[in-house]
Amino acid sequence: MIDIGLLIFLVVVAVAVIHVRNLFTASMLFAIYSLLSAGLFVVLDAGDVALTEAAVGAGISTLLFLATLTLVDREEAPAIKPWRHHWPALLVVGITGAFLVYATLDLPQFGDPNSPAQTHVGAQYIANTYEDMGIPNMVAAVLASYRSIDTLGEGFVIFTAGLAVYALLSVPPRRRRKNGAHDKAAEKTGEKSHE
Amino acid sequence: MMDVVLSYFNYWVVILLMMIGFYGVIAHGNMDKKLMALGLFQTSVFILFISAGKVIGGATPVIRDGVSVFSNPLPHVLILTAIVVGVATTAVGLALAVRINEAYGTIEDDLIGDPSHEPEEP
Amino acid sequence: MSDNKILRIVARFLIPLIMLFALYIQFHGEYSPGGGFQAGVVFAAAWILFVLIFGLDLGLEVIPERAMFVLMVFGVMLYCAVGLANVLMGGMFLDFSVLLESPQAAQQAGIITVELGIGITVATVVMLIFTMFARRKREQDALEDEA
Amino acid sequence: MSFIPTLSPLTVVVIPFVGALAIALAHQHPKLRDGLGWLASIAFFIAVAGHIGPTLSGQGATQTLSELLPGVSIAFAVEPLGLLFALIGASLWLVATLYAQSYMKSLNYPHLARFFACYAIALGAAAGIAFSENLLTLFIFYEILTLSTYPLVTHSGSEEARRGGRIYLFYLLASSIGLLLPAIIWVYAATGTLDFQSGGILGDHIAPHWIPVLVGLFAFGIGKAALMPMHKWLPAAMVAPAPVSALLHAVAVVKAGVFTILKVAIFVFGIDVLLATGAGVWVAWVAAFTIVSASLVALRLDDLKARLAYSTVAQLSYVIVGAMIATPLAAIGAVMQLAMHAVAKITLFFSAGAIQVASGRKKIKEFDGLGRVMPYTFTFMTIGILSIIGLPLFGGMWAKWYLLMGSLSAEQWIVAGALMLSSLLNILYLLIIPIRGFFAPAADGVPTEGLHEAPMAQRVAMGITATACVVLFFFPEPLFELAKGLVS
Amino acid sequence: MTLAQWMPFIVLVPMITSGLVALLPGRNLPWLMTFLAATASTGLSLWVLFGIDAEPLRYAFGNWPPPIGIEYRVDAANAWVAFIVSGIAMAALLWGRVSVHQEIPERQNIFYALFLLALAGLLGITLTGDAFNVFVFLEISSLSTYALIAFGHDRRGLLAAFRYLIMGTIGATFILIGIGFLYMMTGTLNMADLAERIPAVADTNAVRAGFAFIIVGLGLKLALLPLHLWLPNAYAFAPNVITVFLAGTATKVALYVMLRFIYTVFGGDYSFGAVPLATLLMILAIAGMVVGSWVAMFEPNLKRLLAYSSVAQVGYLVLGVSLVSLIGLTATFVHLFNHALMKAALFMALGTVMYRTGSARIEAFYGVGRQMPWTMTAFALAGLSLIGVPTTAGFISKWYLILAAMEAGLAWLVVLILITSFMAVYYIWRVIEAAWFKPAQTDAQGATKVFREAPLALLIPLWIMVALNFYFGLETSLSLGAAEQAAQALLGAFK
C-alpha cells in the first residue's frame, strides 16, 4: 500500500492540468504533478528517479513550457467541438484503460519480494554490484556499466534533442502571420533557383 | 475480493492517471496542452514501472550498513532513461510548436485543419 | 527582474552553491543517488538562474553558444571514446574492466568518465535549448518592433 | 540455309531492340534513321531465317538467361511454331518498312524516330514471344509488346488517339494481369513449372473439373487474341497510323495473341488432353459467337479500318476455334490460319492506308468509283479479300478448309455452321468494297479529278503481300508439314 | 577482430560519426563523412549478412553476460534488415547531396548529423537483443526523424512533424507499457531470456496485455491502417532525401521488430494461437492495401500519392506475415527489400523533377516528360516495379505473396492482390499521362515553362536505383536467398 493520499492528490492535479485552460496555470500544475510523483518515487525507494524527476520534470520541462508560453498564446482556445464529439477519444481511452485494468489482475502483488521482477535479473544486480564494481549505488552501476549501452543511447537521445531544437529554432523567425494566411516569404525561399 | 482490490488499488490509480494523460493527448487540440498531457501520460507510466520494482520492507538500492533488503534497481535505471527521453520529446515538441505558431499564427490543431488541402507552396 | 538588488545578491551566493551541489551529485553518484543526468540538469539550472537574473547576453558571455554546442558533442564523444578505448584494449565496447589492472577500479574509472560525459552533454543541451527558446523571444520581439 | 549463321535466340530478339536504340539516337538524321530501319529489319530477317535449318532438323536452339524463381527462368527455345510466327513477323516487317517509310512521310507525321524505334521494339517483343521457352518469359515479352505499341497507337497525339490508346492499354493490361497472370500462377502453383513441353505439363496436377476454368482464364486473359468481350481494344487501336494497324494489329500483336493461345493449347494443356476432356469446347463456342457477331458488326461499319478491325476480330477467333476443338485437322487449320490471315490482312490494311494517302478518304461510301482511279491498290485489295474469304487460288482457302474439316470431324455443328456463315458474311462486308470501287458510279458531289494512284513504294509493298497470298495457295506444303509435326 | 566483434559497429559508426559531423563546417565535408559512415555500415552489414550461419552472432556490451547486460544478437533476419536500412541510407545520400544543397542551403552539418542519428537509431533497433534497448534506440531515430521532417521549407512539414511526434510518442509509450508488463511477469528484458521465461506465465492477462500493447505501439510506428494517419503528410512535406530514406526504412524496421516480438519473444504458436492475430493482421493489411491504393488514385500531390502507396505496401508486407507460413514470411522479407528499392527510386525520381519544378502537385508535372525525359523514364520504369511487372523486383515480391496466398488456399486473396496492382497501374499511369500527354505548364504570360533535364549528380544515382530494380527482378538469388534465410531464422527463433 503506498501513500493513498499522494495518489489521490496526483489524480486531482492531473485532472486539473487537463482541465484548466490557462496554460500558465497548467504548467505550474504540471510542475506540482512532477514534484508529487518525485515524492512518490522517494516513497517507492527510487531516490535517483525522484531526484531526476524533480530536476527534469518539475524543473526543465516546466521551464520549457513557460519559455514556450512567452512565444505562444497563454490561453487554450475554448473547446470548439461540442462534447459529443469527444466520444471517440473517450472510447479509445476507455478501452485502453479497461485493458490495462484487466492486465493488472494477474500481476504480482504490489511489493511482493518473490515476484519475478525482484528475483531474476534484479536480484543479480543487488547481489553482484559491490563485488563487480566496488560501488554502493546499484542504480549507478546498472546505469553506467551493466546497461551502459542504454545510457549511451540515452546520451544520444539528449544530443538528438539538442540538435533538433537547435535545428528548429536557430533559423531566424519570419513575421508571425495570422491563422491560415498564405506566406509570400515562404514562396520566395521555396522558389528553386540555384544550380 | 477485498484483498484483490486493496492489492491492486495502486495499479488502478496509476492506470487512471495514465488514462487522464492519454485522454488529454487525444482530445485536446492545443499543442502545448497536448505535450503536457503526454508528459502526464509518461510520468504515470513511470510510476507503474517504479511500483513494480518496490519491495515491501526494502530500501533505496544503495549498499550501506544495516540494510539487507533492497528494492529492485533495474526499473529505476529504465525510468531514468525514460524520463530523459520524455523531456527530450517535450523539448522537440515545444520547439515545433513555436515554429508552428510562427508559421500558422496558432497552436490549436483544430484551427489549422488538414494541411493537404492548403494551396501548394511552389 | 535583474534590477532587484536583493535577488542579485542572493543569486551571487546561491549560484555557486547550486553548481557545487551539481558537482557533488556528479561525482558522488556512485555512493548516493545522483549521477550525470541529475548533475547536468542541476548545473544547467544554475546557469539558467544566472541568465534569468543577469540576462541572456551575460549568460552567453560566460558560456558561449558555440562552446555549448561543442561541449554537447564532446560529452557523448567522451562516452564513446571510453567505449572505443575498451575495444582497442581488447575488450568489448564499454567493457571498462580492461582499462586498469584491477577490474573494480577500472569499472569505477569507467563509470566516472561516462557519467561525466553524460553530465556535460545534459548540461550543455539543456542550456542550449534554453538559449534557443530565450533568444527566440527576443528575435520575435525585434520582428514585431520592426513591423 | 546453312550458309546463314545461327545466332543465339537472345541475339535474335535483341537485334530489333538495338535497332530501336540506334533509330532513336539518329532522330536528327532522317536518312540515317531510315537506313537503320532497313538495316534492323534485314538483319532481323536474316537472323530469324538462320534458325530454319537447325529447327527443322529438330535441333532448335535453346538458351537460359537467369533463374528468376525456383523452377522458372528467363529462357528461350526455338521450335517450329515459334519460328513460323517469327518468320511471319520478320518477313512482313521488311515489307512494312518499305510501306511505312513512304506512308509516314506522305502524311507528314512528326516524331518518326520514336515511331520507328517503337515499331522495332514491338517486333523484338514479338520475337521474344515466339522464342519463349516458358510461360513467364512469354508473359514478359507479351507485356513489352503491349507497352511498346502504346506510343504507336497514340502517335498522332490527338484527344481521340489518347482515348483510343487508353482503351487499348486498359484492355490489354487488365486482361493479361487480371486473368492471364493468375492462370500462369495457377499453373505454377499446381505443377511447379512453367516450361513448354509437347504433350502439356498439367498432367493430373489439376482436377479435371477445373481445367475448363483454366482454359477460360487463358483464352480471355490473352486479350490480344480478341475473343469477345476482350476485343474492344482492337477497334480502339485503329486510331493508329495505317502501318501500325497493318503490321501490328494485323500481324504482330494479334498474332502474338493467337500464337500464345496455340502455344498454351499445345504445350501447356496438350492437344490430346484438350481433345479428350473437351475442356476447350465452351471457349470454341464463344469463339464461334465472336466470329459471327464480329462479322455482323463489321457489316454496319462505314469506316474501312474499323470494318477491317472487326474482320480481324472474327478471323482471330478462327485460330481459337482450331486450338480449342483440338482435333488434329482443326489444329492444323489453326496454324495455317496464323500465316494466311497475316499475309492477307496486312494487304488490306496497306491498301486502306494507301487509299487514305492518295485520296484522303476513309469511309467506304466515298470509295465509289475510286477503284478505277487506283486500279493497283484495289486489285491487291481484292486478292487479300478473296484470300480471307477462303476461295481457291488464294492461300486462305487451306486454313478455312482444315478448320471446317476439323470442326465437322469433331461433330461441332454449331462451330462449323458459324464458319460457313462467316465466309458468307465476309463476301457481304469485304468483297463489296472493291466491287463498289470498281463498278459503282462516282458518288454525287465527290470529285474524282486530281486523284491518282498511291505512291510506288506502297504499291510495291501491297504487290508483294498480295502475291504471297497466291503463292501460298500453290505451295502450302511447308506450312502443312510444320503444322502436322506440331499436332502429332 | 572477429565478425561478431565488428558487428556492433554497424550501429556505432553512424552514431559516433554523427557527433563529428555536427562539428564539421561547410556543406561537402558533412555530406562526405555521412556518406562514408553509411557506406561503412552497409559494408559491415553486408559482411555480416554473408558471414552468418546457423548460429546467431552475439555481442555482449561491457562483457556482461546477458541477461545481466545488453547484447546484440544478429541472425539472418536482422542482418538482412540492417543491410536494407543502411543500403537505402547510402543510396539516399548519394542522390541527396545536390538535392539537399537546394532544399537546405544552411546548417547542413546539423541536418546530416540528425540523419546519421536517425540511421543509427534504426540500426540499433534492428540489431539489439534487448527489449528496452529497442525503446531507447526507437526514440533516437524518432526524435531525429521529427526534426528532419520539419527541415523542409514547406510549413506543413512542421505540422506533419508535430503530429508524427504525438503519434510516435504514444506508440513508444505503448511499447514501454508492454515491456513493463513483460518485465513484471518475467523479471528480464533480454529477448532470448524473455522467450524462455514467457511460456511459464503465458496464460496470464498481463502477458497478453503486454503483447497487445507492444503490437499496437509498433503498429503505430508501422503505419498499419488505421494507425497510418501520420505517414502521408510526414512523407509528403519532408525534404526529398528524407522521404527517400524514410520510405525505405522506418516502417520496415518497425515491422521487423514486430516480427521479432511475434516470433522470437512470444513464439509463433503463442502469438497466433492466443489471439486471432493472424486474422486481425490480415484484415488490417487488406484494408491498408485497398484504402492506401484507393486514396492514391485520386491524390493530387504526388508525394502524398506515393506515401499512400506506401500505406498500401505496408499492407502487402503485413499480409505476408498474416499468412503464417514460411513462404508468406519470405514474401514479406523479400518485399521489405524490393519495396525499399522501388520506393526509393520513385521518390528519387519525384525529387529530381521537383528539383527543377519545385512542386509535387500533379499539375507541375504536365509536360515534364518531354522536358526531362531521362528523369521521367526512370520514374516510369520504377513505376513498373511498383506495379509488379515481370523482370522488375516488384514482380518477385508479388509473385511470392501470391504463392503464399495460393498455398494458404486463399484464391480470393490473389484476386485482391491483382486488383490492388491494378490500382497501382492507375495511379502510376496518372503521373505518366500528366508528364507526357498534358500540355506543358504555362506561366502567367502564357509562355511555356521550360525545365531543363536534371543534373547528372541526381540522374546517375536515380538510374542506378532503377537499374537495381531490374537487376533484382532478374537475378534473385541474393534477395530471395537472404529473405528465405531471414524467414527461416525467425521461424526457428533464437537458438
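The first chain written gets the first letter, and so on, giving A, B, C, D and E; residue counts start at 1 in each chain.
Everything that follows uses one rule, which is that contacts are C-beta pairs under 8 Å (C-beta built on N, C-alpha and C of every residue); 3 or more make two chains touch, one makes a residue touch a chain.
Everything numeric here is computed off the predicted structure, so don't read it as measured data.
Chemist: What are the mutual neighbours of chain C and chain D in this structure?
Modeler: In this structure, the chains that contact chain D and also chain C are E.
Chemist: Comparing centres built from CA atoms, which chain ends up most distant from chain D?
Modeler: Centroid comparison gives C as the farthest chain from chain D.
Chemist: Which one chain sits nearest the middle, judging by mean Cα positions?
Modeler: E
Chemist: Is the number of contacting C-beta pairs greater for D-E or for B-C?
Modeler: More C-beta contacts join the chains of D-E.
Chemist: What is the distance, in whole Å, between the centres of chain B and chain D, each centre taken as the mean of its C-alpha atoms?
Modeler: 70
Chemist: Taking each chain's centre as the mean position of its Cα atoms, how many Å separate chain B from chain E?
Modeler: Spacing between the chain centres: roughly 28 Å.
Chemist: I'd like to verify one number: the distance from the centre of chain C to the centre of chain E, where each centre is the average of its C-alpha atoms, in whole angstrom.
Modeler: Chain C and chain E have C-alpha centres separated by 36 Å.
Chemist: Rounded to a whole Å, what is the gap between the Cα centroids of chain A and chain C?
Modeler: 20
Chemist: Identify all positions of chain D at which a residue touches two or more other chains, and write them in rising order.
Modeler: Answer for chain D, listing residues that touch two or more other chains: there are none.
Chemist: Could you say which residues in chain B touch two or more other chains, in rising order?
Modeler: In chain B, the residues touching two or more other chains are 18, 22, 52, 60, 62, 74-75, 78, 80-81, 84-85, 88-89, 91-92, 94-99, 102-104, 112, 121-122.
Chemist: At least two partner chains per residue is the criterion; list those residues in chain A.
Modeler: 47-48, 52, 56, 60, 64, 67-68, 71, 100, 104-105, 107, 115, 117-118, 121-122, 125, 136-137, 139, 141, 143, 145, 147-151, 153-154, 156-161, 164-166, 168-170, 173-174, 176, 183, 186, 190-191
Chemist: What chain-chain pairs meet the touch criterion?
Modeler: The complete list of chain pairs in contact reads A-B, A-C, A-E, B-C, B-E, C-E, D-E.
Chemist: Within the complex, which stretch of chain B touches chain E?
Modeler: Going by the criterion above, the answer is residues 18, 22, 25, 31, 34, 38, 41-42, 45, 48-49, 52, 74-75, 78, 81-82, 85, 88-89, 92-93, 96-97, 99-100, 103-104, 109, 112, 115-116, 118, 120-122.
Chemist: Write out the stretch or stretches of chain A touching chain E in their complex.
Modeler: Listed in rising order, the residues of chain A that touch chain E are 99-100, 102-108, 115-122, 124-125, 128, 145-150, 153-154, 156-157, 159-161, 163-164, 166-168, 170-171, 183, 186, 189-192, 194-195.
Chemist: Residues of chain B touching chain A in their complex?
Modeler: 4, 6-24, 26-30, 32-33, 35-37, 39-40, 43-44, 46-47, 50-64, 69-81, 83-92, 94-99, 101-108, 110-113, 119, 121-122
Chemist: Can you list the residues on chain E that touch chain A in the complex?
Modeler: Result: residues 15, 18-19, 22, 61-62, 64, 67-70, 101-102, 106-107, 110-111, 113-114, 117, 120, 124, 130, 132-133, 136-137, 139-140, 143-144, 146-147, 150-151, 153-155, 177, 181, 183-190, 193, 197, 201, 204-210, 212, 355-358, 455 of chain E touch chain A.
Chemist: Which residues of chain A touch chain B in the complex?
Modeler: My answer: residues 1-2, 4, 7-8, 10-11, 14-15, 17-18, 23, 26-27, 30, 33-34, 37, 40-41, 44-49, 52-53, 56-57, 60-61, 64-65, 67-69, 71-73, 76-77, 80-81, 86, 89-90, 92-94, 96-97, 100-101, 104-105, 107, 109-113, 115, 117-118, 121-123, 125-126, 129-130, 136-139, 141-143, 147, 150-151, 153-154, 157-158, 160-161, 164-165, 168-169, 173-174, 176-183, 186-187, 190-191.
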